[in-house]
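The structures considered in this document are given below.
First chain A sits with chain B, and in the next complex the same chain sits with chain C.
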Partner chain A sequence: MPYHEFDCSKVIPERKQHAVVKGEGEDLTSCLPKGYLNTIPGSISERGCAYCGAKHVIGTPMKDVIHISHGPVGCTYDTWQTKRYISDNNNFQLKYTFATDVKEKHIVFGAESLLKQNIHEAFDAFPEIKRMTIYQTCATALIGDDINAIADEVMAERPDVDIFVCNSPGFAGPSQSGGHHKINIAWLNQKVGTVEPEITSDYVINYVGEYNIQGDQEVMQDYFKRMGIQVLSTFTGNGSYDDLRAMHRAHLNVLECARSAEYICDELRARYGIPRLDIDGFGFKALGDSLRKIGLFFGIEDRAEAIIAAETARWKPELDWYAARLKGKRVCLWPGGSKLWHWANAIQEEMGVKVVSVYTKFGHQGDMEKGIARAGVGTLAIDDPNELEGQEALLRLKPDVIFTGKRPGEVAKKMRVPYLNAHAYHNGPYKGFEGWVRFARDIYNAVYSPMHQLSGVDISKDDYATDKGFVTRRMLSDASLPEADRASPLTGYTGKFDPIEALRAKTDADYPQFARKSSPQAAE
Partner chain B sequence: MAGFKKEKPTARANYPKLHASDPLTGFDAETREKVSFMENYIMKNCLWQFNSRGWDRRKQNEGILGKTTKLLLGEEVENETPLEKCYWVDAVLLSRAFRERCAWLAGMGKDEVQALMKILHARIDWLTIDGSLNEELTVQNY
Partner chain C sequence: MNCEVKVKDRIGTINPIFTCQPAGAQYASIGVKDCIGLVHGGQGCVMFVRLLISQHLKESFEIASSSLHEDGAVFGACGRVEEGVDVLLARYPHLKVIPIITTCSTEVIGDDVDGVITKLEEGLLAEKYPDREVHLLPIHTPSFVGSMVSGYDVAVRDFVKKFARKGPSNGKINFITGWVNPGDVTELKSLLKEMDIDATVLFEIESFDSPIMPDGGEVSHGNTTIEDLVSTGSATHTFALNRYEGGKAAQFLEKKFKIPSVIGPTPIGIRNTDAMLKKLSEATGKPIPESLVRKRGVALDAITDLAHMFLADKKVAIYGNPDLVIGLAEFCLDLEMKPQLLLLGDDNSSYADDPRIKALQEHVDYPMEIVTNADFWDLEDRIKNKGLELDLILGHSKGRFISIDYDIPMVRVGFPTYDRAGLYRYPVVGYGGATWLVEQMANALFTDMEHKKHKEWLLNVW
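Coming up: the complex of A and B.
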């Protein structure tokens, strides 16, 4: 096994099994780090907790819901508004956050009455919202508060409301991934099958593992609607609580982030016979293939091809403009989970960069299998890294840019390595054909922006060259390009600052109307 | 709790091993090169081979590579269930990619293509199931 031992972790020998370098001739039977294990004592993990994984990643993107944490207020602060999963109802779930604010006296005397009071107050404050999710936290789990009993009492007193209870306290797993698992299964057990939806198309999907980061879901939904497909529910970005209760009526589960949401797809397949189709919404080829597969499944591949042709013609030249300028740039691809495999091959093939390292904070060995399979020889793969290991890797690998979360991103910035936010994005959406160009634009700006060089200058000392502070694109990225590329009239991305606004303005009349082959009953 | 079909196939985690060693070992250099090329395409561009449990991977590999083989041989593919149809869509994309990228397929006889795909199937099973280092493949629940 080609393990990599960090100098800084020699005092934690168990860490050696959590990093590998993919060597020539290595494959998945000889090169795979450990994963999804409890963090080793002494290693300061970058992971979140199981409560955070349930609430922050999966629960809270649901848009028409009061999301309330039953616990100390700090838990809520740390899971609020830090990930830009926007919604088309004026971002209700981002603007308002709720917590029962458990204190020492509640730990001693119990917090169930406090919870009930908070639930009523929240519903009274927002009378137009009739749905709620409640999240257990470590403190209230340990004192044994029965959240389900309180939820049942409130639902009996308020027949027009519906409440989902998520029992995933912070300690319920090695990382946030434990929370993903728990809320997947809890939602399926408690809520799926409790609403019968209106079926409006012959082709009905659940879009699963998609969290509408800066509008990703709305971009993909637009493609599906252009194909005449009904998106019955999205689990969970921009998703509606009641739509998600009707997941059992879809014909196909289209799965994006398998790391966070494969569980519900696998169980929907086992319990309801709905197939699971894994897709990649990132990258021209992967996205094109994904739309083709969905089209093939429903016998409407021609509709997918029409979209792929139009979008490729519009955006591919601009992607290529960036690819010419990003060729060979070294990337550390250090996201939380699924993006290490969503992006590893696509950014190399379509943007010309070289991935020198992949890591995952909370991924499982299955994620590393996908990531290592898609990465090239020499790639350093790290599971559950700590900050010192990250610094050591950056010093050794000397990347031109790093894609990661904002905490390790801040460390990278201090080390003068440009950083892009892999979780919440910089200027997303990154999904879709246009989104992929936006990602390339952000990478280009991260790599070449003079700001990064200037950030190394101590301006309190008046000894830097005052005549060299301004550089242009032609000096930065184009100097070594072939003449044909330099002569190109293109200048990169030409889309709008906010591409989502136009999508939200579309009405049914803006989408093609396809005659249905079957009666509504038959489709169901 | 909503009603649903209950299924507790705990035995599913005890699926048998099919390969004790790399099935590609012992084949001639040309065969190894062809299989490696096809394997590399799958690993770089597909996700179906990496479902989280070993029993699912077995079904996925068999379903998709089995249908891919039929498509490459020009045989009719029957999709009697939605699950079968789901295998088929991945198989269609894979067979198109192989036809486009593996020009040598056109010069091979049907028996040769079938034999090559059998080796590829064994190799993918080896990498993703039987030789896999993934310790979660035999976890009983999803």
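Coming up: the complex of A and C.
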């Protein structure tokens, strides 16, 4: 019987089909949990809403935009300064958020004129910003404000501005995933094809489903530029509004988070014939294969190979240093959606850890399919987990470390399980070759924290030697290491606190110049 | 008049100072023991508020959602409250209190939460849980009214209203702290203890500064029990330290049970702490002991080193919860500082009638602005475009980028303060809080002097 029944959920039998333990020889048809179904009220699920899926996950990483939410102030406040999607324009979109501040009288009489005045006020306050996205919320969806009509009116009055409208109220779907879908399709329908870009390379991509958490996008963009590839747009991390209006001119959509952004790729393929290539920026092998695939598509494999060779030579020894010390460490991989399959196999293969559980807050069955396929026998897989199930699983599995969100991380802390932030990272970026070493470093630092060891000691009862004034991580991690590893001159991570600074300092002169095969006109 | 009270002159909000009502009700709910709030609305209304509170307290705690989806938004979602209550009771055996906290969506669709509670009491509770003590109460906190501050106020009143019973006098005072930190509760309890006053401290969150225990079994929870809430009807007095965060409950108890109420002043600074202690002394007949004279003296000793040398004439902007902002402004004036701008972040129209605001208007002898319904743009626009010069900002973490981008030192105070370590552990109220605040402000100014190489040598001989 593949399903796993939690003791705490016996009283809600419908939960039984949302968790499985992958058994010996079992295939996915017998052990796939249910997914993306309505949440059970009162279960204390970890899920967010469709508004946040649209605005907070996908919309707001767009950098040169006034992001305004049409509703009471809470939706805006609550989704502000809770993520780490940085940008190279001084983080405008992190710093500024806008709410129309709907009050009771607007609920009664309508809030369209309020919205219109808000739009003007926002553009007046930031005259250098000419682009805006408007997000509907529960309240304004229910009163039926026609946001699109107001946006059209303002665009007619202010010809230099452009406004995108996303109608994705919080209740639209079982989780934030509903909002991902809505904003993907809305962007495509409203904005793609409305700007013609300048093409500067024979190889032109959109980088899709990438949110520049702690600089991920900038790391990957650096590789693409080193390959002579033009990144026309990024959907949406560090992405520019007008660049994203020109997505239809790319030769290839390179898709990272398929959970949140496959919709726009599939539609770009259907409408504009642009192929979709799923890649993975996490892990040496997966990232190397991804760069190779892109190289292969364009016939520039040699450029990919050169990067892979250089980066591997620089960073692999440091990764291996950690892998030797993380071998067999038990991991609960409890992220939101796509990281369960981005990470499940790569951390086992390259860092030596053992994934004992995966969960997804808002993933669909397809995500579970990929995640379970990449996890080992015995892995506990949970869809739409809740507070008690998480605690029960931690007690049962006794992991050495957990990768999850900030608040569940606090639950883990009290249960003496070290936590890393799976959504926003601890000391990212985690993408890229260097980033993957940074991830390994963070895991190592969490697992071998001398303080973590101390927190398990009950000084009123336990015998423990008080002969040491300190313990280093190395004393803990190397105690049972084979002599060869202990004696190796290799070290852990030697990079900087902020690796993004150096990338931003690069100019065109720092990148190789490749001759164009054809004239720009012919490439069109 | 030097001090003007004005409403923000824009209609929209650029960088809000507050979140909405349900968040306040949720913060109040975690102060009650054996209680899990069920927020009736979209999942984000809970998920993000839990994140926000955990960012601030670095703790977890339980709040549930009715998980409103499309079908509920169209056809009504009372059924999801019924199911949610059942699921909570079935899975949390210790659970006794479930406040049903409404949001904008469920208020707009008009779900009859009060009716659902009656139905549940007569049906589910009577049939499935007949031997169990369970209390359900509605808390109406539509997001389009007030702010998280009024949400806290409403929730505190509704909890008290639900439970308070008149019995023989219990000889205790009700002590409603308002929206404070664990460190504030510790300080207040210590003052009460010194005064030898028996008090029911309400919505008591002191233990949210909780340990990691060797067995990994610690769970943070509020300390206010059902018995505490019931006994509020039998108290001798109600002290609500914050007018806007507990004042409604004090008024209710006075009206319903004739329990005299003392509302404010927020005990921030020496003078306001003095006032609180004097009022406590008057109400209970207990004298203010020598030990508090000493404690007060320790604070004054620390302050005297700093006030006229370093703090005098420093220009400060203050934002956040209204009682906090007003209390801090009053204390700053006592410290010879010059509050320039007070931002009160919601549209409560009674702020202008607050006697403390009126006193500021009457006595402040330099230009000061008080903006209601304010947002952070009211601060940033004045700095960026209108020549406002500041030496210091006092407020919570959401305003951090103003301090960073305009290079103005800032002391984090209020809720939330997630970008500085451990602030929930320290009080801003009482004599201890006065000392802490003054030293934080001074150290922020000192660090800034060094960072800007601005008379940094001054500190060589201090």
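In this section, the second predicted complex is superposed on the first by the 504 of 524 C-alpha atoms of A that agree within 3 Å, B and C clash if a C-alpha of one lies under 4 Å from a C-alpha of the other, contacts with A are read in each partner's own complex, and residues count from 1 in each chain.
FYI, a contact is a pair of C-beta atoms (placed from the backbone, for glycine too) under 8 Å apart; a residue touches a chain by one contact, two chains touch by 3 or more.
These figures come from a predicted structure and were not determined experimentally.
K.L.:
Quick check on the superposed pair: does A:Ala122 touch chain B, chain C, both, or neither? Answer first, second, both or neither.
P.N.:
Second partner only.
K.L.:
Who does A:Thr29 touch here: chain B (first), chain C (second), both, or neither?
P.N.:
Touch partner of A:Thr29: chain B, not chain C.
K.L.:
Mind working out whether A:Glu267 is in touch with chain B, chain C, both or neither, as first, second, both or neither?
P.N.:
It touches chain B, and chain C stays clear.
K.L.:
Touching A:Ser43, do we find chain B (first), chain C (second), both, or neither?
P.N.:
It touches chain C, and chain B stays clear.
K.L.:
With both complexes overlaid on chain A, does A:Asp64 touch chain B (first), chain C (second), both or neither?
P.N.:
After superposition on chain A, A:Asp64 lies in contact with neither partner.
K.L.:
Tell me the contact category for A:Asp280 with respect to chain B and chain C: first, second, both or neither.
P.N.:
It touches chain B, and chain C stays clear.
K.L.:
Residues of chain A touched by chain B versus by chain C: which partner has the larger set?
P.N.:
Higher number of touched chain A residues: C.
K.L.:
May I ask you to decide whether A:Asp485 touches chain B, chain C, both, or neither, giving the answer as first, second, both or neither?
P.N.:
In the superposition, A:Asp485 touches no partner, neither chain B nor chain C.
K.L.:
Where on chain A is chain C touching in the complex?
P.N.:
8-9, 11-12, 38-52, 68, 71-82, 94-104, 106-107, 114, 117-118, 121-122, 125, 137-139, 141-143, 169-176, 387-388, 405-408, 410-411, 413-417, 455-458, 462
K.L.:
Quick check: in the complex, which residue numbers of chain C touch chain A?
P.N.:
10-16, 18-23, 36, 38, 41-45, 47-52, 54-55, 58-60, 62-70, 72-73, 80-81, 83-88, 90-92, 103-105, 108-109, 142-145, 147-148, 210, 212-220, 347, 377, 381, 397-398, 400-401, 405
K.L.:
Would you tell me which residues of chain A are touching chain B in their complex?
P.N.:
On the chain A side, the touching residues are 27-30, 32, 34, 36, 189-194, 248, 251-252, 258, 262-263, 266-267, 269-280, 285-286, 289, 292-294, 296-297, 341, 345, 349, 364-366, 369-370, 373-374.
K.L.:
Where on chain B does chain A make contact in their complex?
P.N.:
1-7, 22, 43-45, 47-48, 50-53, 56, 81-83, 85-86, 88-90, 92-93, 126-128, 131-136, 142
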